[in-house]
Amino acid sequence: MSGHTEHTTPTGGYEPKIMAFVCNWCTYAGADLAGTSRMEYRPNVRIIKLPCTGRIDPLFIIKAFENGADGVLVSGCHPGDCHYTTGNYHARRRWIGFKNLMEFAGIDMRRLHFSWVSASEAIKWVDLINKVTDEIKALGPFMEYKGLKEKSAEQGE
Amino acid sequence: MKIRLGNEDIQSASVRRLERITGEDVKRCYQCGNCSGGCPVSYAMEIPPTKVMRFLQLGNIEEVQNANSMWLCVGCLQCYSRCPQGVSVAAILEGMRQETLRKGESRTEVKEVPFPFLKKAPQQAIVCGFRKFVG
Amino acid sequence: MKIPYYPGCTLNTVAKQFDTSARESASSVGFEMKELAQWNCCGATFPLTPDNVIGLTAPAKVLSNASKEGDTLTTLCAVCYNVLKRTNKVIRDNREKRNVINGFIEEEYDGSVNILHYLEVLRDKVGFDKVKASVKRPLKGIKAATYYGCMLLRPFEDIGIDKAERPTIFEDLLAALGAEPVEFANKIECCGAHLAMNNEEVVTTLSGKVMTSAVGAGAELIVTTCPLCQFNLEKSQPKVAEAGSGYSPVPVIYFTQALGLALGQDIATLGFEKNSSDIMPLLKKKGIA
Amino acid sequence: MPRIGVFVCQCGNNIAATVDTKKVAEEMGKLPGVVYTCDYKFMCSSPGQEMLKQAIKENKLDGLIVSACSPHMHEKTFRKAAEAAGLNPYQCEITNIREQCSWVHHDKTKAAGTVKSIDLTRMTIQRLKKNQPLNKIKIPVKKKAVVIGGGIAGIQAALDIAEGGREVILVEKEPSIGGNMARLSETFPTMDCSQCILTPKMVEAELNERITLYTYSEVEKVDGYIGNFTVTVRRKAKYVDEERCTGCGECIEKCPFKVESAFELGLSKRKVIYTPFPQSVPNVPVIDAPNCTKIQKDKCGACAIVCGPKCIDFKMEDKLETVEAGAIVVATGYQNMPNERFGEYGYGRIKDVISGMQFERLASSSGPTGGEIRRPSDGKVPQSVVFIQCVGSRDEKKGVSYCSKICCMYTAKHTKLYSHKVHGGQSYVFYMDIRSGGKRYEEFVRGAIEHDGAMYLRGRVSRVYEKDGKIMVQGADTLSGSQVEIEADMVVLATAVVSRDGADTLAQRLGIGYDKYKFYNEYHPKLKPVETVTAGIYLAGTCMGPMDIPESVAQGSAAASKVLALFSADEMAREPITSVVNRTTCNACWDCLTACPYTAIEREAIKDRQGNVVRWVAKVNDGVCQGCGVCVAACRSKSIDLKGYTDEQVFAAINAF
């Protein structure tokens, strides 16, 4: 789909783009609370809401990088707090095998962040986004997948 | 007795050292008193087992070192076998004894042991006793 | 059936009667105790602090020697049993320590030997039924206190010879021999152990409690499994009696002496004269000797 | 080509201050498929909603985006409006440009907020294009409840559900309902007699026309899901016809054989044909078959001879009955830890070392001593009683690590009962901490100490042994730092409250969770204390963990209110966010089945025309699926997808990033 906003701010500096996969019950609500509390954080993150981190398919993350993300954040309920009792536990278990896949796919694990943010942890959310943004910014743009999407488009995927 | 407590007491390096030597965690003791209740020599100890654990929790290792408790412990493991928290006061006391012996101090001089005893006693008592009292 | 046997230093000397009566009895119930060709003192103390690996080398040496003679090892002294069994467990379960220990003793021992106390051999290999069937001189009418002491039982997780707080193995044996085991309060309490060396007061108190509770429960005889228990009880007995609590001494013997007696061995060979308490009046009274 | 409308809300100045809503609308208008855009001051206001409906109709929209506040605020509002305008409500999606943009990016130039709003709205639009119309799942609800366990918690739940006008089957495995409370003498903190407050409730349950008692029965199997359970109950043979029995008790009178009474915890005997206790409900005896000589050896038959109505039938057999029910309340209670584990306390060996529950029986006026405190060995009135608390509780090594919560209180109660009944007697209590956090509880304990003279010693007991006919208790008083020895006539152990034997089996049948101690797990320990992860199954009382009567009763009522809420409509509507299996590609690896936290996935056989099973596939039970999507991520062949969050939808959003 159409071009996403550029990797540069109006003033010209590099601004990373970060995709966040969050669960509906904890982290999404925590981010909402940051809003209702009028906290401020870096504008680099775009949230995709899922029912549970257990829904996250590793391919989502790879696709996010393919689509120009410089970093990806996954955040859900704290262990033991999952709305679906064990969904986040499943997610975490899956990450173990998943890490290898990411490295195999050439993704620097430093670009991938996992966290737990509960519905009341607005401050944690704000700090997290600021921290992740700064870290990804320091890493610079993610170039490995540059052009990959266009290429696959050419091949008529 | 009055105790002045500071962070350095609670985080006492010597207690941490003792924990390393003995593999015990003094925080585990919840002061139930079972060990003191069951220890056969607790009656003669200046500081009974439960209090030993408490002093260590407070970081006051000297208090215990100066008492007779570690020299009286017979190693019967009654404390350990009934401690609901699985703490071995016996190991703690042995650790403290070792520390002291390694510094070359002891409560029993070999010459103090009555000679007739050495002649008649089972070897195991002598071996064990020397290990415990002399190092 | 030949079972490798570790006597330990005490049974080689002051507790010789413990050793000889056991060997004799073994042959009467159908097994042979094969003394290890090479052995050393086990150290008589299991180091309670895990950093003391050196303390494990002596028993490890014994174990490694034993492994060359078979897959089981039996022993009589409760202390040896305790030290060997626990050391063996460390070597078996803790790879790191195993390597250190093997380095010291210059052997490659992996903890595979099965340590059995003589009581366990009787219970699990021979069977108390068979023991019972072999009895020629039942200890009929003798109320016997079975004094376990500490080392035969604790720590339960490592030793596991029987239930920690309510063991019965010893009573079961005495019952098989025709005696009447008495239940007494201090049967698993300490006798004072190595404090014999420098604290007579404590030893007299603790041993005194063991004996008064046994005799108070009706015991006419106290049976032990450990030379140190035997020593402490016998040594304390006169003092306890002197203290004027109305306690009157009873014979204290090793369980193997009781066993040999019941299996019909010549009384003269059981080494009762080496005990400092005298069992003969009791045996006469009961019509056994 | 889809026809999508985009409505950007200004939220007064809440959004408009830092997001250029007009620009967002304009930009979105450029995207293919977007046929209508606007920005408006208050989308959720009545005029706003009217405008939205109007626009749907006028522009023949088949999908719409409202870029406004968090979907947690107004998703329902706008979906309803869309539905009113004739659209499938799930064709309406929200973009959160307030909580995620305007309120958190304070840049007055509107740069960052606007860019982010555009990105987010674009992602939502692309996602919307992949949306499928969904319909709420309607589940018919059978308005009958099964309550398992007839202790006080179960009785209370049954009574409240019946009170609410619904039918209840109360399944109790013993011959009488009443549970543990029936054993108690008097109850803290008010000291009313347990029988006096319990018996009326038991009778009420029996007489209530909406409650059917299935005593001497156990749940064998549970199928179905919320609103539609099929519960199979084994009704064990009582050998007595319940309908005809008048409860005259002649049979019991005549039975020549006695065995130990389980109800009395071995303190007395009962006949082979028996009711557990005199106030049993129903008052119908049962024959304890393994001990009956007639049933075992065809001798005796005395009871049948004396029975007037001839209701004894030695040939009776267990029956399996199925009950259709919409909801299940589990209230199977607790038991006390068997103390044989504590050899050092002499339990089982020293006769006068008893458990707290046995003490209840001694103190109960309907108990084996008629309420007089007499020790079991010789019937003497004990002049000194030592109570030992925390036996098995707070003991990681030999028991359980948790606190049993009620024993501090009942021990204080025991000392009171003892001091009232035995004048001049002295009670001693060994405790580690006194836990009396309840209304009037601390005062109750202080009363035991100050009024009734109980001697509290802070410490654990190391061992209990016999000496010269006395029971010696050897422990410590940690407050004075000394070893303590007490000569007692009787010792009472406050033994741990543990889960029932077989609690795990029942949980597996029900598909509910339990912890490592086999206590059942509530859905959420604070906010859903009587729900389980399995919709339609609720919990009450001590099957969840130690608690006292007031709490058990409160939970019984809470569970009943959940059941009544469920039964308040004929159908329950559920969000259609559930998983579906693609039966052609599913290769029956069952990864989804093991991953699903709700056991919502079943094995389904695909059969050919002759009825032979050709292959197996996974099948999602819509009634049970909660829509977490764990199965979707687990399926390696991509054969299962979550409606509302399909792979296609998520990928579309990612691709629009």
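Per-chain residue numbering starts at 1, and chain names A, B, C and D are given in the order in which the chains are listed.
One rule holds for everything that comes next: a contact is a pair of C-beta atoms (placed from the backbone, for glycine too) under 8 Å apart; a residue touches a chain by one contact, two chains touch by 3 or more.
Model, not experiment: these values are computed from the prediction.
When the C-beta contacts at A-D and at B-D are tallied, the pair with the greater total is A-D. Inter-chain spacing, taken between the CA centroids of chain A and chain D, is 37 Å.
One finds 48 Å separating the Cα centroids of chain B and chain D.
Centre-to-centre separation between chain A and chain C, using Cα means, comes to 68 Å. Averaging C-alpha coordinates per chain places the centre of chain C 54 Å away from that of chain D.
For chain C, the set of residues touching two or more other chains reads 164.
Counting partners per residue, chain B has 78 as the residues that reach two or more other chains.
Among all residues of chain D, those that touch two or more other chains are 344, 463. Applying the touch criterion to all chain pairs gives A-D, B-C, B-D, C-D.
Only residues 20-23, 40-41, 44, 72, 74-78, 80-81, 88, 90-91, 94-95, 98, 108, 112-113, 117, 120-129, 131-133 of chain B touch chain C when the two sit together in their complex.
On chain D, the positions that touch chain B within their shared complex are 344, 390, 394-399, 432, 458-463, 474-478, 481-484.
Residues 30-39, 42-43, 48, 50-51, 78, 82-86 of chain B are the ones touching chain D in the complex.
Those residues of chain D whose C-beta lies close enough to touch chain C in the complex are 342-344, 349, 463, 465-468, 472.
By the touch rule above, chain C contacts chain D in their complex via residues 163-166, 183, 185-186, 213, 216.
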